[in-house]
Amino acid sequence: MARRLAGALLTLVGVSLLVFLVLRVIPGNQITASLGTESGVLTPEQLASLRSYYGLNQPLPLQYLDWLANVCTGNLGLSLRSGQSVSAMTAASLPVTLELALLATAFGFVLGVGLGMLSASKPNGVRDALGQGVGLLALAIPSFVIASALVSYLAAKFGYFPNALPYAAPWEDPLLNIQQLMFPALVLGFGVAAPVMRTTRSAIIEVSSLDFVRTARGKGVSPRQVAFRHVLRNAMIPIVTATGIQFGYLLGGAVIVEQIFALPGIGRQVLNGILQREYAVVQSSVLIIAAAFVVVNLLVDVLYRQIDPRVRAE
Amino acid sequence: MSEVGVAIRLPSAATAPTREPWWQRLLASRSGAVGAALTGAVLLAALAALAGLVPHDPIVQHPADRLLSPSWTYLLGTDQFGRDTLARCMAGAAASLQVSLLAVGLATVVGTTIGVIAGWYGGWIDLVAMRLTDVFFAFPAILLALTVVAALGRGWFNVAIAIAIVYTPIFVRMARAPVLSLREAQYVLAGRLLGFSVPRLLLRHVLPNISSIVIVQITLALSWAILTESSLSFLGLGQPPPAPSLGQMVSEAKSLAVVAPWTLFAPALVIVIAVVGLNLLGDGLRDALDPTQER
Amino acid sequence: MKQSSLIRSGIGLLIGLAMAVTACGGNSNSTSSTKVGGILVVGRTADIDLLDPHKATAFQTVQSLEQIYDTLVGFDSNLNLIPRLATKWTYSDNNQTVTLNLRTGVKFQDGTPFSSADVAATLTRILDPKTAAVARSNIALISSVDTPDANTVILHLSSPNVAVVTAMADDNTAILSAKDIAAGTVNTAPNGTGPFKFSKWTPNQQLELVRNPTYWGPKPPLDGITFRVIPDENSVVSALESGNVQLGVLSDPLAAKSAQAGGLHIDKTPQLSYHVFQLNASRPALKDVNVRLAISCAIDRKQVLDTAALGEGAVTGPITSPAYLSDPNDRPCPSRDLTKAKAYMATAGKSAGITLDAIVETGEYATAVNEMQNVQAQLKDINVTLNIEILESGAYVQRWLAANFDAAIALNGGRPDPETMYGRYFTSTGSLNKVAAYSSPKLDTLFQQGRTEPDVTKRKAIYKQISEELEQNAPWVWMFTGFNYNVETTKVHGFTPMSTGSLIFLRETSLG
Amino acid sequence: MEPLLKVSDLSVVSSGREGRQEIVRGVSFEVREAESVALVGESGSGKSLTMLAVMGLLGPGLSSPTGEVRFGGRELRGMPEGELRQLRGAELSMIYQDPMTSLNPMMRIGDQVAETLTAHGTGESEASRRARKELARVGIPDPDRTARSYPHEFSGGMRQRAMIATALVAGPRLLIADEPTTALDVTIQQQILALVRERQRSDRMATIWISHDLGVVAQLVTRVLVMYAGRIVEDAPVRELFAAPQHPYTAALLASLPHAGDLVRAPLAQIGGVPPAPGSVPSGCSFRPRCPQAVEKCLEDPALMPRNSSLAACWVPREEWK
């Protein structure tokens, strides 16, 4: 386990380096981003004072090191535009994306496994085509199309757009929170359901042909028990892997749905950071998304151990 | 997004009856046939566009014919510049496929090579490769593509590079897994005993065995590339107009959905056909190519 | 594998899921129209980015801070100057001295009384290069500020200028309290004299303002204003339809069109900012005025407006300030004239055609890329080929500032006074002349006269000449001005939209 | 008295990609209460599929269009799935060839044994108690620890014992053993065979031994059925079969067996040719191409004919063999 933690740490350092370099490569900096065309009006000495204010005058390696040092001490830097500390911003935005990703993954998992079992029940049969069709359709329609159509339909038809109200944290107003996250999670859930469905289908077909399933049927075990205790249980490993990966992608990938549903998630925080050239915001937020992703992978590994006794033995 | 982790079944010694060529088996299976049909249709439309066989020029504007609903002259209606949506869908399909094929091609070659080498040699090569892929996996895909395009600037080539960078790690991890187990397989050991050179071993024995997995991954990655390209366009980072790409058309048409819904449904439908087609084709190929598949 | 077992369990899962979704959706409309008392919720796509009015450039930030702070003077709905914290202002000493009489009995929201010392401290802060204040260039000619008594301020100008008071209407010259400037709490604890007070800011979500009980002016009907961030314009329309937001600020004409379908009240006011196709006259291909005139004649402005912005806007001349509005037909080719354009190209010896690198920005406003596509198509008719380069806003601004382009589609900010609008572009000493890439002795003298002429009718004549000079030499091709869209639900009364997009009249708006 | 199991004209057909192929071509036989019978034949002769068809456990791509299967006086073929399920594990039960894959790797062994009982209505605690008792009866040391552990923690022999426990815990009247010892090494093989034989006697349980090795089953059964290319070619009491095989194929099989008494190191006799693949079975007697006694008559399809106290599907009586 220790080896895995070391590996995870190394990954995070890699991510921090990557995001730091990529941001420096993008043309334009904080000044042009904030002042826009007005920044042409700045006199040379104004420009110099601003550069130092944004810390742009230090040599690159120094900027990287002192940022990393700050991160290790928990100071994720400051959003110079809003005067907000990045850790405060992230403390507000990460839970939103995490909850959204969790709900979407749960929904996607249930739908994906349901459809996967449905289509695996009769390989290459009508049910198979139906299950695959629905799954692939969910995958194929771009999420922003579904999201915008859903939002405008619900608002125009029922005057129902809970996301117009400020974001309510689950502990503040659980009912409103669920209503605000239900539909975005539904949209993202489809994206999760498709790969989970396809993995479930192929895993179930494969496991169903194994000998111990025939043994179970030979013992007179009911079909439902055979489906869940024997087949699904053994098919869990690839399914959990696929679901874990999808959860990881949602952390960064939900930015479009966060835009349309006005959810103050971390995806949007990074996108705004990139557009406004807020280096501190982007670097720290991406690092935290990466950390969350790495933690999810570790959790998936731990989950393996719980599911598969053979792995637990090692 | 990928079926990483699916149990690898080594070909059993069952004496399979003489098999027809793989493509016959592909077309025989339901998903293979439907997949090939759909993907073929999109490919045909794209090639037709490249060959100029389009009802109207996809770029020339006819302001007088703005926002016309589907009619016999404009089968799928026109957009706000009076350009024919059908022609743009065909040209868009060509553009999107162009980006996806390049991106996935790059990702496959680079990713699979690194994966195989990492899997085969192990040791620190494997460690470095794995850490690198973790870094790219941990880095949110859309944001990685976003920053790459913002850095390199637009153009379909840069969009393809961005998507390739996002997918390479998937191919690395997907190719490495089977090589780890194949390395210990008897017949590979036998090959090593017989003194085959490593490249020969890799090419003749290892690659064919993971070819079915790679091919399935390619079709899946192609469908994902098309979707990523459309998301990039939605964020304003897709291919530059006036040349259309499916993603660009969908994101542009999003705000026209009320005024001219056909400008949205046409490209979205082409994306759906392409993605569903490619995924089913992937399934069909996997069944057709996998020697262990009796059914 | 027994099929029946799998089917039943698969379907069971699906049904369970479906019921869960519908059950939650059931009691949905209980929260749709909760309007808390007199709080007006404004929906818009971007959040304010900072609290310091002197540094605010983002449109939405200026719009919010103008509720908290007052400026010395302001504009009425027709953009005529009206008194605010300054009740009277007189030019003297050959327009090189301005005396301002201040309103008495005014308090800051934290209770400290307002006096001339605050005005002096504010102006000094703006003029100080270290602050990097946005309005600095517009009032740079103030050499010194005197405060003979608590209610009078005298400005000494380095050169005669009648536009300096108008510049004081700019929100970037908001009056701060000297105490706050000294304490440096300007960007953290907003404290102005305006009708609404800062209450709470949740970044990326909303800014909440409440009524200022000690406001010197008429008591605002609203208990408070909440500016809510909804990043997608179509979602803003949906929020309005759901009643959770009562006033929406939109820029995308397509989204506005969908709002019309939603039965909402839409205020379309022509913007001051103008959509322009800038030509870089310093580049060899565009040095010859004939080529520029050919391009100007080859572009049908109405077609660009109709295709790129679905006709949501009006064709415009160079000056968009209402008081000095240019006549859009007062140009070499009032409507598209290909023969004349080709003739110009022939005189320039460029009938074979030229190729231009054109840059355009994506992300900030929706229609830019579409405008470029239409202009590109139109210019093909005179063999002018545009190589489009779409840049993300950061990269665009850098290329634009460095004038590193042959041509550029741009949306430049308009100002109520043409001097502050074009002085820095088309005068040889202007800070953005490099970007405009055109100036002439005639324009220099005209701008100098305009700057110093106190009589309004004479100033109008001067700027009419400037407008003609710009159209005759076509450094830029002015195309159209869009609209500011303020979309209101039926519950909003008494709101007056402004062409500057300002929401200053929220202080007169009521809900109910 | 009606036999415990009566199978008549049973067939199994595969409908894979290579089209429909008959694998089991009309098999009939009987098994009486507490009788132990062997079903012998080369691999690919369809013996396992015959038994799977009897149990109703044919996988996808396989079907059994014709045939009757009467068990304990009831016809299994038309029986609704729910009822058939009641019989499986309780009345008739099966153990399989490969212990490594026949147990669910994710479930504790105790639970898998108990599951046979819970599937037929026994309470959880009662089932696990009897499961532990059964594990002891099949000779597994420390049944409590075994019950809690997982299949991968045990050797092939131990797993096969656990397999047998799951099959016998409910006291079935008929046990079908599909080559249970083939995957084990010889010493363990003998222990497993002895275990089953002992349970056969003590529980008066009927057994059908499927094997490709006549030597192994000889000591276990009273009667032997020989299968070739999807058909039963000989059905004889074990002594008569060894003494005087009535079908040339059986004779050839016996000739290829090493006898303990052989001193001469001569190579074992081999049967020429290869058993026909399912799709390409010759007309008439399927053994004809490889049969030394083949005559003109053999072009006709022989049915099982009485020969002394056995049945043989061969036109040429033993006496006339060359």
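Here the chain labels run A, B, C and D in written order, and each chain numbers its own residues starting at 1.
Basically, a residue touches a chain if its C-beta (ideal position, glycine included) is under 8 Å from a C-beta of that chain, and two chains touch if they have at least 3 such contacts.
Bear in mind the structure is a predicted one, so any value in this text is a computation, not a measurement.
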Chain whose Cα centroid lies at the greatest distance from that of subunit A: D
Winner on C-beta contact pairs when A-C is weighed against A-B: A-C
Core chain by centroid distance, with centroids computed from Cα atoms only: A
Subunit A-subunit C separation of Cα centroids, rounded to whole Å: 36
Centroid distance [mean C-alpha coordinates] between subunit D and subunit C, Å: 88
Computed distance of Cα centres, subunit B from subunit A, in Å: 22
Centre-of-Cα separation between subunit C and subunit B, whole angstrom: 43
Sites on subunit A at which at least two other chains make contact: 26-27, 123, 148, 152, 209, 217, 222
Where subunit B touches two or more other chains at once, by residue number: 150, 254, 257-258, 295
Per-residue overlap in subunit C, given as positions that touch at least 2 other chains: 1-2, 4, 234, 258, 261, 363, 392, 394-395
Contact footprint of subunit A on subunit B as seen in their complex: 1-7, 9, 29-31, 34, 130-132, 134-144, 146-148, 150-151, 223, 227, 230-231, 234-235, 247, 250-251, 254, 257-258, 264, 268, 271-276, 279-280, 283, 295
Subunit B-facing residues of subunit C, complex: 233-234, 252, 254-255, 257-258, 261, 303, 306-308, 310, 362-363, 366, 369-370, 372-374, 376-377, 388-392, 394-395
Subunit D residues touching subunit A - in the complex, by the definition given at the top: 52, 55, 57, 59-60, 85-90, 93-94, 96, 98, 101-107, 115-116, 119-120, 150, 152-153, 163, 166-167
Contact footprint of subunit C on subunit A as seen in their complex: 26-29, 32-43, 45-46, 49-50, 79, 81-84, 89, 92-93, 107, 110-111, 113-118, 120-122, 127, 131, 148, 151-152, 154-156, 158-167, 176, 178-179, 182, 186, 204, 208-209, 213, 217, 222-224, 226-228, 231, 258-262, 264, 268-269, 272, 275-277
List of subunit C residues in touch with subunit A within their complex: 1-11, 13-14, 16-17, 21, 24-25, 28-29, 31-34, 43, 47, 49-51, 55, 57, 129-130, 132, 134, 136-137, 187-188, 202-206, 228-232, 234-235, 237-239, 241-245, 258, 261-262, 363, 392-395, 397-398, 400-401, 412-413, 424, 431-432, 435
